[in-house]
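Residue numbering begins at 1 within each chain, and the chains themselves are lettered A, B, C, D, E and F in the order written.
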Amino acid sequence: MFYHIKELQHEAKPSCPDPIFARQLQEILGGQYGEISVALQYLFQGWNFRGAEKYRDLLMDVGTEELAHIEMLATMISRLLDGAPVGDQEKAAKDPMVGAVLGGMNPQHAIVSGLGAMPADSNGNRWTANYIGASGNLLADFRANLTAESQGRLQAVRLYEAASDPGVKDMLAFLIARDTMHQNMWKAAIAELEAQENIVVPSTFPKELEKRQVAYDFYNLSEGEESSKGRWAKGKSMDGLGSFKYYSQAPAYGTKPSLKPAPPYIHDTLPNIRSGSNQEPPHHE
Amino acid sequence: MFYHIKELQHEAKPSCPDPIFARQLQEILGGQYGEISVALQYLFQGWNFRGAEKYRDLLMDVGTEELAHIEMLATMISRLLDGAPVGDQEKAAKDPMVGAVLGGMNPQHAIVSGLGAMPADSNGNRWTANYIGASGNLLADFRANLTAESQGRLQAVRLYEAASDPGVKDMLAFLIARDTMHQNMWKAAIAELEAQENIVVPSTFPKELEKRQVAYDFYNLSEGEESSKGRWAKGKSMDGLGSFKYYSQAPAYGTKPSLKPAPPYIHDTLPNIRSGSNQEPPHHE
Amino acid sequence: MFYHIKELQHEAKPSCPDPIFARQLQEILGGQYGEISVALQYLFQGWNFRGAEKYRDLLMDVGTEELAHIEMLATMISRLLDGAPVGDQEKAAKDPMVGAVLGGMNPQHAIVSGLGAMPADSNGNRWTANYIGASGNLLADFRANLTAESQGRLQAVRLYEAASDPGVKDMLAFLIARDTMHQNMWKAAIAELEAQENIVVPSTFPKELEKRQVAYDFYNLSEGEESSKGRWAKGKSMDGLGSFKYYSQAPAYGTKPSLKPAPPYIHDTLPNIRSGSNQEPPHHE
Amino acid sequence: MFYHIKELQHEAKPSCPDPIFARQLQEILGGQYGEISVALQYLFQGWNFRGAEKYRDLLMDVGTEELAHIEMLATMISRLLDGAPVGDQEKAAKDPMVGAVLGGMNPQHAIVSGLGAMPADSNGNRWTANYIGASGNLLADFRANLTAESQGRLQAVRLYEAASDPGVKDMLAFLIARDTMHQNMWKAAIAELEAQENIVVPSTFPKELEKRQVAYDFYNLSEGEESSKGRWAKGKSMDGLGSFKYYSQAPAYGTKPSLKPAPPYIHDTLPNIRSGSNQEPPHHE
Amino acid sequence: MFYHIKELQHEAKPSCPDPIFARQLQEILGGQYGEISVALQYLFQGWNFRGAEKYRDLLMDVGTEELAHIEMLATMISRLLDGAPVGDQEKAAKDPMVGAVLGGMNPQHAIVSGLGAMPADSNGNRWTANYIGASGNLLADFRANLTAESQGRLQAVRLYEAASDPGVKDMLAFLIARDTMHQNMWKAAIAELEAQENIVVPSTFPKELEKRQVAYDFYNLSEGEESSKGRWAKGKSMDGLGSFKYYSQAPAYGTKPSLKPAPPYIHDTLPNIRSGSNQEPPHHE
Amino acid sequence: MFYHIKELQHEAKPSCPDPIFARQLQEILGGQYGEISVALQYLFQGWNFRGAEKYRDLLMDVGTEELAHIEMLATMISRLLDGAPVGDQEKAAKDPMVGAVLGGMNPQHAIVSGLGAMPADSNGNRWTANYIGASGNLLADFRANLTAESQGRLQAVRLYEAASDPGVKDMLAFLIARDTMHQNMWKAAIAELEAQENIVVPSTFPKELEKRQVAYDFYNLSEGEESSKGRWAKGKSMDGLGSFKYYSQAPAYGTKPSLKPAPPYIHDTLPNIRSGSNQEPPHHE
């Protein structure tokens, strides 16, 4: 169960409205790596977790904080939209600034949400749960969380660079710092797990069942051998259980596939065409 | 530019058809963490990379290998669908096995693809580029790649557990081993970058611009303090630049938000209702 | 800002696992009218609201309760999935019950979420913000909320009819009762607003600007006049400002449209074809 | 079966082209609450209706009218696109007006549809049936219809405010008036049903089966008690069968959930990690 | 404007209900190549057409017929769902037939639509306008239409093979025949256009502006030269303006791309890493 | 299996950056008829093909070429984005050119992809496999391929018209020429198949099973008889097996549908309301 308090986690007040920036800010509210994504990803991981309180509690703490971030961004976006213009070509022609705003803002911010934030990204794509995951395996999921915080902080930093308004920059500086913490935090949680599980997910699959002979091979499948110069191409593998091996020529272990014809009730291509026994048609239609 | 050779990277031949398993196998072909996702994610990262050949070459090598994995899975699925039944309740009633298959298979495998693999997951959701990312920042992207390989190997292992067919298990054992390599590989690439950039993405944002005072705080926002027992709640932060601090009571740094009324052309709720000056209506409609 | 407590709002314990029902229950968690939809719809309406505390507080109260419903359903679904089988045709053939379960369950519950709930509906379609709305106009939005609670309770009742398990029925009986309250509640809130605004949304558009002459006409556009027998076809209009009028023959007030040719840089169909001046081709290809 | 006549239901002629407004107008053609949504929602409700002709006929009449509205909007949009420019930065730089238009128009209107209307909203999101519903329960569905007409009229009014062109305003004035009628109409149809069913959907679920003890409680789950001032918090419930009761402190009726471990074939987190028996790793990686 | 008559274009009555087949039949109602797709594709092409009445009239005629096909399928599906069971594992276990039906039917047919047809495909994916197109160029669009009728008839035939019910087969036999007509019809319309435009779309792009030297080359980019045996690899090109030429070795006309670094405000990877000047990290983490 | 070489198939270098055009160019990379669509469509058709090498080889050759086109476009887009500005209203106001660019570019090109190409269209809609098909029936699929090349070349030509940059025009001229080839090629492949199968897909369905009596009828379902003037309305049918027949009045072969009531467990509308036996409510609420 949840309770809500009215205060924001951090202030969300721009100096003045800016509908163009409101549109851009939607990215970290309702985009692929926005706050809705992290909130629901962590909460679902927490609700689904089948084990010790410690990790579930961690997930619920951070998932609940992310709900507060959605709230801050929604508030900021609504304020950036204060008095946003509506209009057409005629209005745009009369005032170049109105024209620029009409071109750069999200028209749904006026027509659909009535100057409110939307659960959508900076192009107006509505948020979708395709963005998130909760697999039941903590190490796999914490890596997804570290990824989300890395991509999310990167986007917040780019928005910081784009912003001029001190109120906007102040709120972004807070969110960026929280992402610093969250990257550190997931990194720490991952370290805890890797110390016990080693690094390959899932750690519980018996090694003798996978094809060990290809488990540390690097296959060069594109022209040039620059990729041989990386840590991944030589030396002990990161899990300490093998050695990286670089293949300039990647082998094909399989054979040419050839599929059986479909049964008649599928009505694929005519058998004689499929079998290649057909003659070519004359060259003129 | 690409070239195609006819041999599969590894054999993809089941002992006998199994349309139920064909449906399940679609998950790692066209699902969120399937082979289409990793292929296009790595290729787009490679094409967009603005820097040294070494990383671009790495991305192109592995992206190109993943294309071969799509091919193996597509071939396997087509073969598992050989002679799959079509039918209705009447046919299901006559033969319990036909009934089980009709219930467990993807009907589009007969109606739409004519016994072929589809770019879709195990529930028939078509693949979408919402699943992938390429940010231009290598460390952020390599973390996304490690995540994808971790979730992908986990799913392949679960499918291995579900499978009875030796041919299917053989192919999965190959894919699982390649995912072992790819986790090791991204881990190595990440280690290379972190050795130079430290761990917080992006590393180039000036630290004095973020709110350092909250950059290492853990906020307890859910009942219970089990989360205080983790590495993330005490000691030096993982980036070595701060110390984790645990707050039993998370502070609210902001104030209660209050938004300005919308301008009249937005036609929101009536001003007197918005302002709360309206009287309550009588208790009967 | 939000806080989380560990207790569920109401118990969510089935007597025994049932992966088939787990799949069905996803509908009211992550479907069009599921708990994610109402939670985010109410919260976004609350965050965006530009007016008196009373309505914002109402929206935050109920939105926050819906987060607890997501939690209950996620917990119930995870428990219904306890020990769910994985498998293929061979396993299905050996045991009809396993076959029925494999046919009726969501394969992603095993492969993807590891026996956890997903943000998806009963067909595995991931939740999308296409399902929700927040327009800034309270009356429009409260109607959307009443709709969501009506459709949601209907689905919960249908699931109650499908269920055998007493623990499942107990939880559904709670959710159904809360939906009774929420329908009453939105109905009351709507009554408050309609008492001051009358019924047509938005109430602030000047009546002289719309085409009043067609504002109360019912146009019969399908064969038969059964629709003339309803309240909507005669008598005073519901807003009290007009009288319904039934037209057996619906008029066409406009003319035949004819569009100008596209400019050459659009490369539409050849001008002489567009103009119909082309001759017919001979009857044999 | 349907027949088509060439005359539009109402004229759809702008005074002059305006590609910026064409983009905005797409919202009420192919957006969440646009004409495609209402047309297909009403028609599906009509086709699926299992009962008396009166309601089916109503649904078919109005669904068929909405097809005519799609047609009017498509025509208007095509005309607003007459001669729309195509171009790049160089053209935008040479002429500020061309720049404003290129910024504010939907690029697909030139590249994809060749100056024609699209089944998409004002951000170019293609229409999806996620927007609509048909449940078989008339009262639930009529509420969805009233919602759609309320949101739809609100958007049309906002577009009216944005428009300068008299031809556009004239068509919008017609559509707004029809939405006035349709709100009145669904309101009347709802009144007919509520007079016989009371207000809670579905009316056929036995009241003794739901948890009556929580069916009229209002739970205060967010800070502050402003929500206690509404009609929904005191007095007789709107269905006349209970009394609203306000809880300042919302109770948690359930207990802390604790989930069973997943079986080994799911390959979740290691058992000793899950159980919390793991030691913390050393503080340095 | 449209009018609706109550009679179906053709009867849609099954001998007895069959919820499994109802699910499958959804494919040609709301799937990629279903009746919603063709109806809206033809109608949008008609509304957007900028030219002679003859083609617009053709498109409106056939688009309007497809609306009648949606209606027939919706009716048939509702009837196939008559009395469809709802239930869980317990019910499935008691009666194998109920189990088979629960496994093979779409659970949303009970929970969501109340035994009605849905605007969705056989996997419950909601219809989306991503499936359709209207480009303004008649020849391009008529080819899309011929494709849709070809894929659509193929799916209808596969469903005919799956069906046992004489009423279902009777309706499918009608739809299949109409698709025969529609393939003939679009073929005829295409022949008319090609007789005047030749075959390459768009026909209006000046030939000297494209790279004529590669306009008839076939590039062998996959192992083996079986593709050289087709009509497409030798002889006069189909447009009569060139000659096909087969290249065993496909040339690369371009050079290796190398992208400029991103500016600092984008916060991509560190410059020294990008440039490859970084040293490798030690082999142990 | 695939191999990658570093050279582009054709040069992809603009004279200078142009973020507005970069956004537009996304249409033919990641849009409905873009290069991702054709690449994956042809490759899936190839992998699924159950027959002679000749057609599979053809599909693999061309699918592999399309991968090279994705690569060229991704490279071009990244270069067009070189140094693209980020910013807000304040920056837009200071410099009209910056304003125009901010209005016309895709904000995700800065925030999300860091000046890289995205798997998305010109409105930022991510690519989805809803765009493509592979049915197992070659003739149906080759028609889909001809459609894709026709729509794709049309879009490339429109972009050519919009472009000023010689480097962009040069690359488009190459792609347009390749589309000329690919239209010729699919046309040739279709001719081969039609010469053996005749034109109606699928050719293997026994003619006596479809309703032959309606297989060549043209139904006039919209006002006016302009559609009678086409080749499709008279003369021998294109398959040579019948004669087109034009009906001014389209017959309705079916009867009015009437559906059975839903069973009680579905909780549809009350039986007495459904049956129309309800009285009208009084005219005042």
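By definition in this document, a residue touches a chain if its C-beta (ideal position, glycine included) is under 8 Å from a C-beta of that chain, and two chains touch if they have at least 3 such contacts.
What you are looking at is a predicted structure, and each value in this text was computed from that prediction instead of being measured.
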{"item": "Topological distance between subunit A and subunit E, in contact steps", "value": "1"}
{"item": "Superposition rotation for subunit C onto subunit D, Cα-based, multiple of 5°", "value": "180"}
{"item": "Same-residue or different-residue interface between subunit E and subunit F, half as cut-off", "value": "same"}
{"item": "Centre-to-centre distance between subunit C and subunit A (centres being mean Cα positions), rounded to whole Å", "value": "26"}
{"item": "Computed distance of Cα centres, subunit B from subunit A, in Å", "value": "8"}
{"item": "Where subunit E touches two or more other chains, by residue", "value": "1-9, 32, 48, 50, 52-54, 60-61, 64, 68, 75, 78, 86, 96, 99-100, 102-104, 110, 112, 114-115, 123-126, 128, 130, 133, 135-137, 139, 154, 157-158, 161-162, 191-192, 202, 205, 221-222, 224, 229-231, 238, 250, 252, 259-260, 262, 265-268, 280-281, 285"}
{"item": "Residue ranges of subunit A touching subunit B (in the complex, touch as defined)", "value": "5-12, 32-33, 52-58, 60-62, 64-65, 68, 72, 75, 78-79, 82-83, 86, 110, 114-115, 128, 130-131, 133, 135, 137, 139-140, 143-144, 146-147, 150-151, 153-154, 157, 160, 173-174, 176-178, 180-181, 183-189, 191-192, 199-202, 205, 209-222, 224-227, 229-232, 237-239, 242, 244, 250, 252-257, 259-260, 262-263, 265-268"}
{"item": "In the complex, subunit A residues that touch subunit C", "value": "1-5, 7-9, 30, 36, 40, 43-44, 47-48, 50, 60-61, 63-64, 67-68, 70-71, 74-75, 78, 112-120, 126-130, 132-137, 285"}
{"item": "Interfacial residue positions of subunit C with respect to subunit E in the complex", "value": "18-21, 23-24, 27, 31-32, 96-97, 99-104, 121-125, 154-155, 158-159, 161-165, 168, 221-224, 250, 252, 259-262, 264, 266-270, 272-278, 280-281, 285"}
{"item": "Touch list for subunit C against partner subunit F, complex", "value": "154, 157-158, 161-162, 229-231, 235-236, 238, 265-267, 280-281, 283-285"}
{"item": "Residues on subunit E engaged by subunit C in the complex (per definition of touch)", "value": "1-6, 48-54, 86-93, 96, 99-100, 102-104, 106-108, 110-112, 114, 123-126, 136-139, 191-193, 195-197, 202-205"}
